[in-house]
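Per-chain numbering from 1; labels A, B, C and D assigned in written order.
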Amino acid sequence: MEDMLTWGRQVLASQPFSVLLGAELLTFSMGSVELKVQLRADLKQQHGFVHGGVISYAADNALTYAGGSVLGPSVVTSEFKINYVRPAMGEFIVARAAVIHAGKNQAVCRCDVYVSSSGSESLCATAQGTIARLGQPPESRA
Amino acid sequence: MEDMLTWGRQVLASQPFSVLLGAELLTFSMGSVELKVQLRADLKQQHGFVHGGVISYAADNALTYAGGSVLGPSVVTSEFKINYVRPAMGEFIVARAAVIHAGKNQAVCRCDVYVSSSGSESLCATAQGTIARLGQPPESRA
Amino acid sequence: MEDMLTWGRQVLASQPFSVLLGAELLTFSMGSVELKVQLRADLKQQHGFVHGGVISYAADNALTYAGGSVLGPSVVTSEFKINYVRPAMGEFIVARAAVIHAGKNQAVCRCDVYVSSSGSESLCATAQGTIARLGQPPESRA
Amino acid sequence: MEDMLTWGRQVLASQPFSVLLGAELLTFSMGSVELKVQLRADLKQQHGFVHGGVISYAADNALTYAGGSVLGPSVVTSEFKINYVRPAMGEFIVARAAVIHAGKNQAVCRCDVYVSSSGSESLCATAQGTIARLGQPPESRA
């Protein structure tokens, strides 16, 4: 849905940290999202691989978008877990997240993060987490 | 141990992503570490809170340092899990990680992330993960 | 608090699965709990160690009790993560859980599981999870 | 592969705890497995739903089988994370696990647990974890 993608991109553009990392929304629809981060020298760790923090950022943000696609714009990541399966080196990473189960106030989502190098993709991390709707008292966001 | 802190700071300075985020090592000793990130406008999300990706970066990196303090310099985070317990706003965050159990090739570590605002600290996230020693064939890093 | 322990033991006695596993509540107070499982032949896996499922049961149930101590009796475990750090063999295991952060509707809790063998205790697993209060629409329990 | 299923069933029959819970292996092949637990009164909690410990047992064991299908028979679950998405009531649960990424010594696996009630299945939990090969020094199993 073009409108949804437009809205998602506006939200991303309003997150200074996402702008700092150069994140882009490739697709965004009910229940799924693709978020891309172009790799640059300053997103790496000391061995030339992309820093784990960039991968977990992409996973976390993609999980939040997936949850937000079904819960509405006012959501936060309550928690997530990530397994790094391979050191990532390449041109960009793409985090693909989808909703596994959605309730009224929470959604459980999953995300695979791929690194693209010379046109071929490899899985570099996989994540799973809970997205919670806000609008409840802030102390319930735990 | 001063030498350990000096070594840890050199490693941090060699991680371009840690430099981008302005991370600092406050303390570093066998089994524990404190990593600080000064909050800036470009580390925030759209509501003015520090972006979850910054908090998970700090947790992930502190977990790796804690593991590295007992496993040696060549380590990676295999996996971790984080619960965000409160939106963070303030001057800086501090991630405090410690080793819970160390084997020969892996360590299970824990990390609490606090936000400091006007001199008072609040817990904003808590994490747990596995740090693995490299030097084994790369395909075993999963 | 004696009354709290009595109440906790009644709840445990009303869980057929906890009765099947022979779980006992050693202590139960605001924010913390100790749950013990006496080891028997039928709680083991094929190599004579206690089955991981018994350890994760103990961690999960202790996390729920810890959360319930601050949120009230009507709670469920939303999610948890467990790291097994050592194969467990001995006379009994004890899961010690505590609340890390409590909001109005959720609590983030942590649990260490120890195995006791010949009077000495070793850590065999560590867990972290979210306990949610019910009384909200069931579909929000995700 | 019939031989693989036969072997898997023998392993399950040698786990006293799996026998206690009445677990059955429905399918078992390279990279995937289905493990079923018939629901009985003594596998429930106090509200009549299947106890979370039974669901996490099924997820944990299915993850281990999935990992073992690619790493060999001598494996343990290093860690896993589970999200419960719905209280489970019905005739049986089925845990379906698959390998997401396998290295030489570890595999990252995923598992969905469904409850079957009157012939229709619902997702009740989803899990993700790391399976490690043994044969390395025991202290590296962390």
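The working rule: a contact is a pair of C-beta atoms (placed from the backbone, for glycine too) under 8 Å apart; a residue touches a chain by one contact, two chains touch by 3 or more.
Because the structure is a prediction, the values reported are computed rather than measured.
Novice: Any chains in contact with both subunit B and subunit C?
Specialist: A, D
Novice: Greatest Cα-centroid separation from subunit C: which chain?
Specialist: Centroid comparison gives A as the farthest chain from subunit C.
Novice: Between copies subunit A and subunit B, are the contact residues mostly the same numbers or mostly different, with half as the line?
Specialist: Counting which numbers both chains contribute, over half are shared, so the two copies meet through the same residues.
Novice: Can you check how far apart subunit A and subunit B are, centre to centre, with Cα atoms defining each centre and the answer in Å?
Specialist: 20
Novice: Centre to centre, by mean C-alpha position, how many angstrom separate subunit A and subunit D?
Specialist: 28
Novice: Please tell me the distance, in whole Å, between the geometric centres of subunit A and subunit C computed from their C-alpha atoms.
Specialist: Between these chains, centre-to-centre, one finds 32 Å.
Novice: Any chance you could list the residues of subunit B touching two or more other chains?
Specialist: Within subunit B, residues 78-79, 81, 83, 85-86, 101, 103, 108, 130, 141-142 contact more than one other chain.
Novice: Show which residues of subunit D lie in contact with subunit B when the two form their complex.
Specialist: 78-79, 81, 101-108, 130, 136-137, 139-142
Novice: Using the touch definition up top, name the residues of subunit C that touch subunit D in the complex.
Specialist: Touching subunit D: residues 11, 14-21, 41-46, 51-54, 56-57, 60-61, 64, 76-87, 138, 141-142 of subunit C.
Novice: Quick one: which bits of subunit A touch subunit D in the complex? Just the residue numbers, please.
Specialist: It is residues 81, 83, 85-86, 100-101, 103, 108, 110, 112, 123, 126-128, 130 of subunit A that touch subunit D.
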